[in-house]
Every structure is written in structure tokens, then in C-alpha cells.
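The next block holds one structure in the form of C-alpha cells; read it before the comments.
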Amino acid sequence: MNNLLIIAGHDLRLAFRRRNEWFQPLWFLLLVVALFPLGIGPQPALLAQIAAGVIWIAALLANMLSLESLFREDANNGRLEQWLLMDGSLPALAAGRTTAHWLITGLPVILISPLLAAWMQLPQAAMGTLVLSLLLGTPTLSLLGSLGAALTLGSRQGGMLLALLIAPLSVPVLVFATSAVSDAASGFDPETQLLLLGVILLFAITLVPFAIAAALRIHLQE
Amino acid sequence: MDYLLTADKVSYERFYRSVFGTVSIHLDAGGCVLLTGANGAGKTTLIKLLAGVLRPTAGTVSSIEQHFIGHQLGLHQELTVQENLQWYLRLWTRGVDRQQAKQRIDEALSRLQSLSLRSQRAGGLSAGQAKRAALARLFLVPRSLWLLDEPFVNLDQASIDLLLSEIRAHCAGGGGAVIASHALGLADLPRSQRLKLPIIRPAQHREHAHE
Amino acid sequence: MSSHTSFWKRCKTWFHRWGSPAWFYRTSGLIIPWLWAGFFLLAIPGLIWGLSIAPPDYLQGDSYRIIFIHVPSAWQSMLIFAVMAILALIGMVWRIRVAETLAMCCAPIGAAFTIVTLATGSLWGKPTWGTFWQWDGRMTSELVLLFLYLGVIGLQQAIEEPRKAARAAGLLALVGVVNLPIIHYSVEWWTTLHQGTTISFFGESSIDASMLWPLLIMAIAAKFYFGAALLTRTRNTLLLQDREKNWVRETVQGEKS
């Protein structure tokens, strides 16, 4: 736990120095969502119908794009080797880094989601559910993406491959989150879906850091 | 005699080929192993195996807690030398406050007379300076076993002498070291053994292969 | 007690023997012809039975007959993913190269079965649903499964050092197999949400015995095919991996003379 906090704090401080890291995913998200009304027309009823899906898919893409270099720098400068040698702490370190990444790129997305909802004409009633679904869903996406970043560390293509590996694994989050928002928009109770998102998140938090650690360990072999 | 490191019939395969055949090493307190061999003989691979970064294809390695200064120095380019060392200190130890941390980092840096590097960005250092900054880790937290991959490369003569005397003092005080180096002779270090890795050619490799 | 321990010892040596590429090569060479024989002996009568002897469906006529390909390959595509994950786990825990290689050889075969399933599914969909593609629960799960297979293959191809590639791809297969039930469940949820009624392949009534028998025969034939294909592929891969080692030279010389 201590190591987790040290790494998270360190990464946050580093990210604070280079603004691009948190600003670009946000920018990308705004751009992608803005493209939809431009592409399919501004009719409010049409936009409202696809709002949940568009916002969520855009968030998924922004998350995957920002994750590619998560471990690359430390792999190149040799600190990853040193992580490995601090016995038993690799999962904690992986979790710490992912937490920092989520705070840097995931949280801002949630903070501007009301703006996105307004652009996409999402009914007011679904706003709370959208924020809640992002709050429960994006950490899972960050964990999965972090695993993808660790798996593709030693590969030639990097970013594209990461998206190809992780997108199929993200299907459950996408399905439950968007269905929660659509349910809320049409006046139903989205409790079940939000609960399932929570369960998936708990599941991911307990297991994925170990998978990330295993992937990093595999990468360090020559 | 206190044991520091044992490698028992260790081998490592890359692309289904053995990198250096099979190696056994035993290191007791006060001893030193000098790894030599031509480029590509597998010195870096062996020292990574001894450090535990790589897992051997066959054989076992066991050792006490060690310092490993590899070919990649483990410095983050955008952080200052002090911040870099602080990162290690915080992960390695518990309950060191800011004042103590600063003191220990200063002390570690001064061992190789690198105090002037303290507030420089690691990305802006010369190759030799970066090496000295990385080597300061050896003195940040005391550990008996040092695994050093080409520690003298890029260092100026004054720093080489300093490091050499530090290694001698370390071994005399009950520590031990495995050093991969071209520049060093056996005479430079007391009680040291040399391990020369041969180049493995495919023809020889056939004889080594067993399964 | 002693017989008990000796039993485990025998299991252990057996397990270790399979881990030796040379032994694997020799033994699988003996098994493969039998697997092919089993496949042809089952598939030929199974196909004849299914395609011409079994009665036409009272609703779908003759078009339903594609299930004798579609359903066995769908079962097989899922089974292979599980087999791949188990082999990857064995390879990871005991660091056995043969297991890693077997796992990696599963991926393209599984992907092929998945493609066959999707292709026959859409061919069947045309007369049944009136369209080549419907976002039906099972078909969507199968599509996601294909993407997972492609991910495993893609990751393996992207990493240069072959054992590292096999381990990374094996880890992905393990993560995938843990995820598959969740994906399947979420997709089922999603279809009931968006479609209201899904057309079930068999309706509520249980399948008639005259259709069930050829279906089962074809399903078993698919398993024989998988076994034969997997062992053949793995054998060739091992031969390539160890091309500089003694056992391969001896084997190749032995097979020449």
C-alpha cells in the first residue's frame, strides 16, 4: 500500500510538470464527441438516442490512446528492472501507476461529462447515472488498458495493438454502462447495471494488478 | 563464512539458443567475481540473471538482497539527481523524513564526489556523470552484495580510482561484488576470481544442448 | 500408501516426459494417424447422415442442415479457447516449452473454427432471419471470441523473442478466458435489451433424435480434427524451434533413411 501511494504521488507530480499528459485525452474526447453531431446531423432526438454510446466509446478510445506509454519510459531508462527487484511490490507499483493515470486522465473526463451530455442532448434525468457509470467504469478501463500497455511493451506496434487487445475485454463495461444510462434516460432504474459495473470494478481491482505484474515480468525477459 | 550468492548450473536461452552455456558461481563474504568475455559473450545477461531480473531457463540462483547497477542506469530523465535518488530511498526504506533523506543522498553522492550533480536534471548529465549518479545508489542503503555491469565505462580516471577503492573497502568489510568489466585486472581487487565467458558458436552449442 | 506415492510418481514422470520436445515429437507422431482416421471415420458418415438421411426441419426445410457444421464448430471454437488457456497456464507455472508451444498452436485453429462458425451462421441467417448478419447474442459473442483469438495471435506475432511472445500471448489468453463468461453474460443481457425476442435455433422443443445423432457425431469428429491439427502443428513448430539441436538432426536423418 505504501509503495502504491509513493508511485501514485510521484507520477502525479511528474504529470503536473507536463500538462500535455492530462490535457490531450480530454481534448481528444471533446473532439470525437463533437464529430458525431457533425457527421450524423444535429437532430436532438437522434443525438439523445445515441448519446450514451457515443460518450462511452469516446471515453474508451481516449483512455486507450493515453495508456500506450504508461510503462515505456521506465522500461527504457531501467527503472522497471529496479521495480522488479523490490521484492513483492510489483503489483502494488503497477496499481499505483494505474491509479495515478486514472486520476490524471479519467477524472477530468468525468468532470467534463456534463458538457458532453449537453452536446449530445442527453436527458437531464440521466446525467447522474452517466457520471456514476463513468466513475465506476473508467477505473476498470484504466486497469485493462494498463495491462494492455504492459503486454505490448516489448512489441513493435505498440498503440494500435493495445487497442486491438483491450477493446474486446472492455465489452462488458461498455454494455452495462451504456444500458444504465439509456435506462435512466427512459425513466427506468439503472441500479442493476451500476451494481454490475461495481462488481466488475472490484473484480478488476483485485486481479488485474497481478496480471500487469506478470506481464511486466514477462517483458523484462530478453 | 557468510554466503552472498550461489548460481547453480545456470543457463539462459534466447531464440532457442543458449547464450553462454552453463555457469556456476559461488560467492562468499569478502569475495569478488570478475566477469570477462568478448562482446556478445553474455556478460550482461549473466549479471541480470544473478540479479534476478531474468529467470534462468535452467538452474537456480539464490542470493541475499543486492544492489544492481545495470547497463540501463535507472534514472528518470526529467527528474533531478536528488529526486531520482529520493525515489529509490522512499521505496527501499520506511520512515525516513525529508531532512534525513537529504542528508543520506548528500552523503551517498559525496562518496564519488558527485555532490555538484545533485540538482541537475538527469537528462542533462554526461554519460560519465549519469553513471556516477546511478552508482550513488550503492551508498544510499547499505547492502552486502553489489552486482555491477560495466561500472567503469565512461568514468574519468579519478572516479575509477574512487570507485575501485570503494569496492575494495566494501569487500574488506564483509561485502562482495560481481563485476562485469573489460577494464579491470585481477590485481585490482583482493581475493577475486575471474570468470571468462566463452563465445558459444552454433557448432559448440549442439554439444551443450540436451533435452 | 506406497502404491499411492508410486502412482503420483508415475504421473509425474509421465507429465515430464510430455515436456520433452523429442519425446513429444515421437509420441505425437504415433498418435496423429489414429486421430485422422477417427476424424474421417466419424465425419464422412456424420455428414452423409446429417445432409441427406436426417429428415428436413418442419419450419426451416433443408436450410437447417448447416447446423451439422455450424454447431460443432461453435462448440469447438469455445472449447479450444479454454484448452489454450489451460495449456498456457501449465506452461507458465511449470515453464514447460511444449505446453507454451501447444497453447500458441491452438490459437490459429480456434480462430479458424470461429470463422467457420461465423460464416455458416450468416449463411444460415439469410434464409432464417432474412439477413446475413443479425446482432444475435450467440453470434455477437462469437465475434468477440474471434477478436480475442486475433488478439492472442497478434500479440504473439508482435514480440520478437518467441518464448517471450508465447508467454505474453498465453497471459492474454488467461485473462481472456476469465473474461469470456462476463462478456458472454453482458452480450446476452444486451440482446434481450435491444431485440425483445431472439430467434432461437431450436425453438422450445428439444431436438429430434434423428438430428441429434449426426450432430453429436460431427461434434466428436471436430474434436478429432482439432487433436490431429494441433499435434501436427505443434510437431512442426518444435522441429523448427530446435533445428540446431541433436534430437532434430537424429530424427531428420532417421526419417530420411
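A, B and C are the chain letters, set down in written order, and residue numbers restart from 1 in every chain.
To be clear about the criterion, contacts are C-beta pairs under 8 Å (C-beta built on N, C-alpha and C of every residue); 3 or more make two chains touch, one makes a residue touch a chain.
Note that the structure is predicted; figures quoted are calculated from it, not measured.
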item: Reference chain A; chain at largest CA-centroid distance; value: B
item: B-C or A-C, whichever has more C-beta pairs in contact; value: A-C
item: Chain centroid nearest the full-protein CA centroid; value: A
item: Between chain A and chain B, centroid-to-centroid distance (C-alpha), Å; value: 38
item: Centroid distance [mean C-alpha coordinates] between chain C and chain B, Å; value: 47
item: CA centroid of chain A to CA centroid of chain C, Å; value: 32
item: Multi-partner residues of chain C (each touching 2 or more other chains); value: 161, 163
item: Residues of chain A engaged with two or more neighbouring chains; value: 221-222
item: Chain B, residues touching no fewer than two other chains; value: 14, 55
item: For the chain C and chain A complex, residues of the former touching the latter; value: 92, 144, 147-148, 150-151, 154-155, 158-161, 163-164, 167-168, 171-172, 174-176, 178-179, 182-183, 185-187, 189-190, 193
item: Chain A to chain B touching residues, read off their complex; value: 2-3, 6, 10, 14, 17-18, 73-74, 76-79, 81-82, 84-86, 89, 220-222
item: Touching residues (chain side chain A, partner chain C) in the complex; value: 147, 151-152, 154-157, 161, 164-165, 167-169, 171-172, 175-176, 179, 200, 207, 211, 214-215, 218-219, 221-222
item: Complex contact set, residues of chain B against chain A; value: 14, 45, 48, 51-55, 66, 68, 70-79, 87-88, 90-92, 94
item: Contact footprint of chain C on chain B as seen in their complex; value: 13-17, 55, 202, 205-206, 209-211
